[in-house]
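Chains here go by letter, A, B, C and D, matching the order in which they are written, and residues are numbered from 1 within each.
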Amino acid sequence: MMASVAARELVDGEVVFVGIGLPNLACNLARATHAPHLVLVYESGAVGAAPVRLPVSIGDPALVTGSLMVCGMADVFQLILQNGRIGVGFLGGAQIDRSGNINTTVIGTYERPTVRLPGSGGAAEIAIHARRTLVVAKLSPRAFPERVDFITSPGHGGAGGGGGGASRRQLGMPGAGPVKVITDKAVLEVDEATGELVLAALYPGVEASDVRARVGWPLQCRSRLGRVEPPTATELRLLRDVLDPERRYLQG
Amino acid sequence: MMASVAARELVDGEVVFVGIGLPNLACNLARATHAPHLVLVYESGAVGAAPVRLPVSIGDPALVTGSLMVCGMADVFQLILQNGRIGVGFLGGAQIDRSGNINTTVIGTYERPTVRLPGSGGAAEIAIHARRTLVVAKLSPRAFPERVDFITSPGHGGAGGGGGGASRRQLGMPGAGPVKVITDKAVLEVDEATGELVLAALYPGVEASDVRARVGWPLQCRSRLGRVEPPTATELRLLRDVLDPERRYLQG
Amino acid sequence: MTTLRDAVARFVHDGDTVVIEGFTHLICFAAGHEIIRQDRRDLTLCRLTPDLIYDQMIAAGCARKLVFSWAGNPGVGSLHAFRRAVEGKGAPPLEIEEYSHFGMVARFAAGAARLPFWPLRNYMGTDLPRVNPRIRHVTCPYTGETLATVPALNPDVSIIHAQRADAQGNTQIWGLLGVQKEAAFASAHVIVVVEELVDEAVIRADPNRTVIPGMIVDAVVVEPWGAHPSYAQGYYDRDNDFYVAWEAISRDREALERYLDEFVRGVSDRAAYLDKRPELAARLKAKARYCPGVNYGF
Amino acid sequence: MTTLRDAVARFVHDGDTVVIEGFTHLICFAAGHEIIRQDRRDLTLCRLTPDLIYDQMIAAGCARKLVFSWAGNPGVGSLHAFRRAVEGKGAPPLEIEEYSHFGMVARFAAGAARLPFWPLRNYMGTDLPRVNPRIRHVTCPYTGETLATVPALNPDVSIIHAQRADAQGNTQIWGLLGVQKEAAFASAHVIVVVEELVDEAVIRADPNRTVIPGMIVDAVVVEPWGAHPSYAQGYYDRDNDFYVAWEAISRDREALERYLDEFVRGVSDRAAYLDKRPELAARLKAKARYCPGVNYGF
C-alpha cells in the first residue's frame, strides 16, 4: 500500500534520488506503470539504473549492470544533487516531527544516546537539495514526536523553530524539503502557511482519530481531507509477482 | 643541443609535466636513454604517455593511445599538479627576467599590447606547484630583459621585487620555481641567496661574454663555471633519426 | 534529436554566453560554423583554448567578449583574428577576461557544482590578479591561510562534441576529456553533437564510459566529422596540416574572409562542408585500435 | 608488488589515520582482517559507511576513533560493535566524528586536491554542525553568501581494492567508484589490492579506465576474493547472506569473538580464509556480461 501510494507521487520523466527498500519498490512500480521515463539516481553513483533483480543495498551490482551512467560519488553529490537536478528525494527516518524534521542519528542525547542510529548518509543533503522530498514511515507516537531528538534532515521549522517555507529559503536551502509523509494509514503534508505537518488524506477504512492517536502533537487537518485509493490489481500484481516476489520489503 | 641538455636534467622515475616542442623531445630522449621510468604527464590529461609519433600538440591523439591513464583536466590540475606530484615542469617564454619571472602574456602593456602572446595556459600553476621548473629559451637581449613586461609565471622576485626563495615560501608557493634556464649557449641557474639568474655553465665554444651580451642585466657568474658536454652520438642519433626525423623541432 | 541548424537556432541567442569546449580533442567546429552562418552577435565566448574555431567566430564578428586561458594555434603560432582584435588593429573590438588553465577549469568546476566560487592555490607572484579583478581570495576557516578564488562560470549554452550518444543524450567520451563534463553540468542548456548515434543498449553495456547523462541534455545532433580539423579519438586524426595552413589564412584578413565565404558561409551545413573535402577520410580516418571490453556481470 | 602482510606491516602503524574505502563495492575486507591479525591499535578509521569491516576492527580493539557518515548494515540493521562502543555498553570507548555523505566526499576531495577545506551548500537547519565543530563556514568573495565547509582529510594510508592493476600500481576500476580516487590521492601512502594482476599492456589498451596512477601507489597486492563479503563487479557478487548473518553475530559479543577467532585471527592469510569457504565461487562468481571495447586509434 505505501509503495503504491509513493509510486503515484512520481511524475514521468522526473529524476528521483532513490533509497533502498520501499522507495526502491515504489520507483520501480512507477517505472512499470505510469512513469516509464523515470530516471533513478542512487547515491552510490548509478544513474538511470534498470536493475534486473530487487537491489538489496543501494550499492548492489545489479544497479550498475545496464545502467545509463556510473560516476563517482563526488559527481553524484556535486554535479547532480547540489546542481539541482534531483526532482524527488525519498527519505525514511526513526523520528519525524511536527515541522517535518527527520532524525536518523540518535534517540536520546547525541553524547549519551539510548539508541545510536546510522546517521545521515546522504539524507541531510537530500532534504536540502531535492526539489521536493517524500518521507516514508509507519505511524506511531514514538516515530512522530512533537520534536525530534536530533535534526539530521531539516524540515520546515527553521533553526530556532518558527515555521513556513520562508525560513528554509532564508537559510539558503534550494529544495522544498519534506513536503509529504506517506505512512501506513494516511498521508501527511506540510502546510505552507505554518510549516507544520497536517493530515491530508486517509487510507480506506482509517479515521482521522486513528491517525491522531499515533502522532505526538495536535495534528491539524486539511480543510478538504482526501481519500487514498487502494492499490489497483495491476499494482498489486507487479509488486507481489514481479518486483518483490521474495517479499523482502512487502508485508502481505 | 638544448634538447639533450634538458634531457640530462631529468632523473629516472621522476614525474614530468611536459610541454610541447623541445621539452617533449627532451623527455622522450631521456626515456630512451638514462630515464626509462620517467612518467610523462600532459596537461591535456594523458599520464604515462608513450607516443609512437612525435606529438604535434599537447592534445595529440598519439598521447592517448597506449598511455597509462587519461583523466579530465580537473584531475590533472587538482589531483596531480596542486597535489604536489609533479617533480619537474618545463616552461618556455617570450621573456625571462633577472628574477626568473616568465612572460607569455603580452609585450607592452596589458591594456594596449604591442604583441599579444597566448597567455598562461598552465604555465602560472606549473611555476608555482612543480617541485622544480626548467625553462627552455634561446638567448637574446629581447628575450632576457631586466624585468618582464608581465609576470605570467612567477620566479624568485616576489610580488614587490626583493629576492630569494624565502619570498616564494612567504607567498605560499609549494614549488621551487624556475631553478634553471637552458638556453642555446649556456645554462643559467637561480642563485639561492639573491633569487637572481646567474651563469652556471657554458656550451662548448661559448664565452661568458657571449652570454652577457645577450642578457639585459649585469649577469653574475657562479664561482665555479661549468662546461656543458655536447650531445653524445647516441643522443644525436636518437633525436635525428628516431624522435624527430621530420625536424619539426630540431634545427640541424 | 535535431539538426545543428535547429539546435543553434533554438539554444544560441545574440548576447548569450556560449561554450564550445574540447581540449584539442572533440572541438565542435560544425557548431561554430553554424553559429557564424546564423550570424549570432555579441556572444561571450568561453574556452580554455580559443583555438581556430573562436578565431573564426571572432573574425566573423560573433563575439563581444572572450574568456580564456591560452589563445594560440598550438605548435604553430598565433590566432591572428584574436590578436588583431586585442592589439587594436582594426578588427571588431573584443573584451577579454583572462585566467590560467587551472583557473578556467576551476570556474567550470564551480559552475558545475553550482557553487559561487572555487578555491585554488594559485596566482601568487603573478600579474594575472592585477589585470583580472575577478581573481579574488578567501581565508581558510581551519588554517587561516589565504587561497585564491575564481567565480563560477555558468554558460547559457555548452556545445559538447562526443564520440557517441543515444537518442536521449546519454553521451560517452574516451580519449582526452578536457572539461566537457564540467562545462555541460555548468550550463543552462546543453547541445550534444556526436560522431555516431547509438542504441541505448550500447550506452547501457558500458555505463562507466558515460560522461554526460541525458537528463542534462537539451538537443542531440548527429554530425560525423563535425569536429574537423580537431579530431575524435577512434574516428579521425587531427588535421595538423590545416592548423599549419591557418597561420597564413588568419594572418591575411582577406584570405580569412575568403575562407569563411567558401567553407563556412558558402555551405549550407556540415555535409556540404565535407563534400568540399572528399580527401579527408583517406588522409585522416582512424586506424583500428580496439581495447578489450570488461565484465559488468555479477 | 608485495603481500598484504608486508604491506600492512610497512604502511599501517599504531595511531595512524587509516582508510579502507569502497561504497558497498570493493571494500577490502582482506586488509581489515590483516590489520586485526597484526593487532594495530589506536587507529583513526575513516570511511563514509563503516560497514562490517570497521565493525570487526572496532570489536577487535583496533580503533580509537571513527570518522564516518552512515554506520549501519545496509538493508539489514545495525553495526552492533559500533553501537555498543558509542552507546557506552562496555565495549572499548570510541571517539566519533560525524558528517553526511556529501561532507565526507568533500573532505576526501579537499584532501586529494591538497586544499585545507572544501565548500559545500549544506548543513543549514541540521544539528550536525552543533555536534561537529569541524563543520564551519566561509563567505563567498563574489556573492557574500555563507557556505558550509569541511576540513581536508589526508589519511596516513588508504587501502584501495580494485579489479586490476599492473605491477607498478596503475589501477583500473569499473562499476561503482565511490571515493576511491579521492581517498587515494588524499593519502600519504596507498596500498592497492587487486583481484587480478595484469600486464601493463592491458592498462595501456584502455587508459580511460585507469582511476589511480602508479605514481601515487606504494604497494600492489594481489588478493583474489579479497573484498568478500563485499563484491567486485565482474568477479563476484556481494555475499548478502553474510551481511544478514552479521546481524546475529555482531549482536552477540561472544559470537563476534568466535567469528574473529575462526575467520580472522585463526587464519594466516586470505588464502586460508578462502580455504574455509570453498562454496563461495559456486554461489557468488559473476556471470559473463562483457561490454564491447572502443577504438583508441588515430
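Here is the rule we go by: a residue touches a chain if its C-beta (ideal position, glycine included) is under 8 Å from a C-beta of that chain, and two chains touch if they have at least 3 such contacts.
Just so we're clear, the structure is a prediction, and the values are computed from it rather than from any experiment.
S.K.: On the document's contact criterion, could you list the chains that touch chain B and likewise touch chain D?
M.R.: Neighbours common to chain B and chain D are C.
S.K.: Could you compare the number of C-beta pairs in contact for A-C with that for A-D and name the larger?
M.R.: A-D
S.K.: Could you pull out the chain whose C-alpha mean position is farthest off from that of chain A?
M.R.: Result for the farthest chain: B.
S.K.: Averaged over CA atoms, how far is the centre of chain A from the centre of chain B? Could you give it in whole Å?
M.R.: Here chain A and chain B have centroids separated by 57 Å.
S.K.: With chain centres taken as the means of their Cα atoms, state the distance from chain A to chain C in Å.
M.R.: 40
S.K.: Rounded to the nearest whole Å, what is the centre-to-centre distance of chain B and chain C, using the mean of the C-alpha atoms as each centre?
M.R.: Distance between chain centres: 28 Å.
S.K.: Counting only residues that touch at least two other chains, what does the list for chain D look like?
M.R.: Answer for chain D, listing residues that touch two or more other chains: 114-115, 120-121, 145, 174-175, 177, 181, 205, 208, 231, 233, 237-238, 286, 289, 296-298.
S.K.: Quick one: which residues in chain A touch 2 or more of the other chains?
M.R.: Within chain A, the residues that touch at least two other chains are 46, 61, 64-65, 70-71, 78, 82.
S.K.: Could you list each pair of chains that touch one another?
M.R.: So, checking each combination of chains, I get A-C, A-D, B-C, B-D, C-D as the touching pairs.
S.K.: How about chain A: which of its residues touch chain C in the complex?
M.R.: 15, 39, 46-48, 50, 61-62, 64-71, 75, 78-79, 82-85
S.K.: For a test of understanding, state which residues of chain D touch chain A in their complex under the given definition.
M.R.: Chain D residues touching chain A: 23-25, 48-49, 68-72, 74-75, 78, 82-83, 86-88, 98-102, 105-106, 108-109, 120-128, 131, 145-146, 174-182, 231, 233, 237-238, 240, 243, 286, 289.
S.K.: What part of chain C is in contact with chain A in the complex they form?
M.R.: By the definition above, chain C touches chain A via 112-115, 170, 181, 185, 200, 203-205, 207-208, 210, 213-216, 296-298.
S.K.: Once bound in the complex, which stretches of chain B touch chain C?
M.R.: 20-21, 43-46, 56-61, 63-65, 70-74, 77-78, 81-82, 101, 105, 110, 112-125, 128-129, 150-155, 157-159, 168, 171-174
S.K.: Which positions of chain D touch chain C when the two form their complex?
M.R.: Of all residues in chain D, those touching chain C are 114-117, 119-121, 134, 136-143, 145, 147, 149, 151-152, 163, 172, 174-175, 177, 202, 205-206, 208-209, 231, 233-238, 286-298.
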